[in-house]
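Below are two complexes that have chain A in common, paired first with chain B and then with chain C.
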Partner chain A sequence: MPSPFNRAWRACLRKEWRSEIRNPQGLYLSFLFGAMAMASIMFVTGTQRPTAEMAGGLFTIVILFSALQAVPRLFLAEEEQGTFDLVRQWGSLDALWLGKALFAGLQQFITALVLGVLFAGIIPLPIVSPIHYWLTIPLLGLAVANVLSLTSSIVITAQNRWILSTVIALPLLFPFIFLGISALRVSFGVGSLEGGWQAIVALLMYGIAPLAIGPNLARTLWNERKDPIQAPTGQHNEVKP
Partner chain B sequence: MIAQVDNLGHRFDQGWLFRHVAFDLNSGDRLLIQGRNGSGKSTLLKCLVGLMIPREGTFVVPEAIGYAALDQNLYPALNAIEHLELSADLRNCDPKSEALLTQVGLADQANKPCRTFSTGMRSRLKIALALQQNPSLLILDEPTAALDQSGRDLINSIMEVFPGAVIYASNDEADARWATHALTL
Partner chain C sequence: MKSAWFAVLGIAMGLMLIGTMLVPDAQLFRDPTMARIMFTHVPCAMICSGFLIASAWHGFKVLKNYNDTSATKLHSAVELGSLFAALTMVTGILFSKIMWGEYWHGDPRQVSFLIVLFIYGGLLALRAAFPDPIRRDRNTASYALAAILPSIFLTFVYPRLKAVQQQSFHPSNTIVEGQMDIYYSVGLYGSLILLAIIAIVVFKLRVRTELLARKLENHGNLETHRGDSASPRMVRPVAVSPEHRD
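Moving on to the complex of A and B:
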């Protein structure tokens, strides 16, 4: 018998999965934005051979671009389609956040792997260290998804929520750009293997951190049952029997 | 006592929507909240449910509240059973899907996605979700709006047999027959 928390986050994850399978939006959006970013980059670079750092940077941009719309949509659409109040009144807000964040992570994990396969086929650079490449790519997708889940959940009821979710996320996403480039350039044969591993571990740690913060943040921010405010006693609206 | 509200008030930028709302409710009480459009009926109910923070006042309500409102939406891709299962998993209670769907007259629509539901069928499912946790306080916003005669009969039977207290907002004069107390905003 799972604990109430485990039962709740699994239910949220299942709900997101069912909604996505029956009405695909997030995966399409994520993949199409990423593929479009990659096509644009390839079109601009043409036949030029990019440096390892440049290739790492380009792929990091592709991952960012694919996540910047798809992940916030998971959270912000709840408010826009009018289901946030429905699900919020049922409680387990921390589990609700975790279920959604895990689905966002899964979505970006899959997208990053598919885009990684495409990128490996398109980029005119040999992958010298495949283990660095294939570890960095899904980790980058997961980490970016987790940060965007965190920032989207903060602004879910704000009027300009779409802009805010990205604006707040940008400073938090900068470290991923550096870590992504550091790890990916090693996979293309530039830099020390130790440096690549350090970047991967940092990416992992940085990516996990939102999963520790997010549930607590959601429990605090999404819960409107705060301590009551004492008002001055005055006239009462008449309740007629 | 099931609910105790003292001096509750809420305001938006334009000014106070309502102030000094106070009432106590016991088992069997039916409180009708009336008022013109925009007077704050739904806002007051959302404050009591915990979906909005009132700007002033205190209130004590049970942990388990059943709430159904016209402006709530359902997940279009999920069916009625999946809604009840999701709700039960988040509340950590028994889904009671079959019994609840039979009670609200949706047993034969249980596996259809909610995007195919009419407004009245959605209202029925929201009633089922509200009743799922055996709440002692039921809060209904416009409970009979969009319902046909059998739907109104369902609300009528709930109002008659529900053992706890009910707070409901309505401007339909026919709904006043259940009220043991009335509050005009």
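Moving on to the complex of A and C:
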């Protein structure tokens, strides 16, 4: 018998999956954003042959573009439609966050793979180490999705939440960009294989970190009942005679 | 008594400034006289990193057990950290122009510090985005805590990576390996200690004034913050003028 926590996050994941199947906005949005970014890059570079580092950087930008609107949408649209309060009744808030973050990860995993196939076909560079390429791409997608899930959960009730979720996510994504480029350049034949493996392991470890912090933050931030302003015995509402 | 301490601090600061001007020129630099910028630049960068760690610590305390003191310390750490980050960036840009010929050299250390500055910008933007003070405190605290891992990477790990050290003009281990002469070592450590003391004093003053301001805002009635609009699902009591109370 699954615990209430496991039931809640699975229910949330199922709910997100079914709404995506019924109305596939997220996947379309993220794929189109990524494909448009890729087309723009190709338009600018033209027939020039990019270096391995530049190719890695360009693909990281494509992944970032694909996630920057699609992942925050999962959290922010729920709040704006007014259905967030209903979803909150299902179970613990940490399970709810986990369900949404896992769906965001799945969405970006699929998008990153599709964009990876496109990029491999378009970029005029040979993929020397395919294992590095095909491991880095989904990991990068997952890591970016996890960080964006974390920042979206922080800004969910902010005034300018759509812009803010991206603005505060970008500084946190810098290590991922660096690690992604380090691993992708190896797949294009520059740098040592050992360095590439180190970057992939670091990407994995660093990508998991938001999954550890996120549920705890969601439990604290989304819990309206713990707000001292609303609680009659709270420090701020203390009535003085 | 306190004013005497402030006077001592001011005199020490003045003496430190004069002392850093009197040290001999650092001959290995392109413009040896201007190498003294590092007496401000390096301590500011270190203090800025200290405030990042402090903001994460106070953020953790805000999330664990919300109280005004922790929230105020968090905001003060963010404000002062931003100030020191800006000072580091400005002095770094000047140093870059004088020594390397360009204001923005694209040095990896410059870029990584710019991202630290963006983290502070994100913290300040979050503060401005929530009208409700408690939400504002909690959300800023969450971001301060979430940003600590990237901050550690950007400040301590990234600059020491071999590939980055090869590209960067910034020396990474000059201080640790004792490569500076005695005048510059004393000047640098002296500036660091004095600036750190000043930063702590200003931090404490900022916390005190902010706590007093909060106390004044909540004084004697049920109202919260009249200046802020309530967040969507909240209904709050509103203060009325004395003639309408009866």
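The rule is short, and it goes like this: the second predicted complex is superposed on the first by the 223 of 241 C-alpha atoms of A that agree within 3 Å, B and C clash if a C-alpha of one lies under 4 Å from a C-alpha of the other, contacts with A are read in each partner's own complex, and residues count from 1 in each chain.
Throughout what follows, a contact is a pair of C-beta atoms (placed from the backbone, for glycine too) under 8 Å apart; a residue touches a chain by one contact, two chains touch by 3 or more.
Predicted model only: the values in this text are computed from it and were never measured.
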Would you sort A:209 into first (chain B), second (chain C), both or neither based on which partner it touches?
second
Once the structures are superposed on A, label A:220 by its partner contacts, choosing first (chain B), second (chain C), both or neither.
second
Does the superposition put A:170 against chain B (first), chain C (second), both, or neither?
second
Which of chain B and chain C A:92 touches, first, second, both or neither
first
Is A:150 in contact with chain B, with chain C, with both, or with neither (first, second, both, neither)?
second
With the touch criterion stated at the top, can you tell me which chain A residues are shared between the chain B interface and the chain C interface?
224, 228-230, 235-237, 239-240
List of chain A residues in touch with chain B within their complex
4, 7-8, 10-12, 14-15, 18-19, 22-23, 81-83, 85-92, 95-96, 223-226, 228-241
Which residues of chain C touch chain A in the complex?
63, 66-68, 112, 115-116, 118-119, 121-122, 125-126, 129-132, 134-135, 138-139, 142-143, 145-147, 149-150, 153-154, 158, 218, 220, 222, 224, 231-234, 236
Help me check something: in the complex, which residues belonging to chain A touch chain C?
150-151, 154-155, 157-161, 164, 167-168, 170-172, 174-175, 178, 206, 209-210, 213, 217, 220-221, 224, 227-230, 235-237, 239-240
Inside the complex, what are the residues of chain B that reach chain A?
6-9, 18-23, 31, 46, 49-59, 65, 67, 69, 71-78, 82, 85-87, 89-92, 113, 129, 180-185
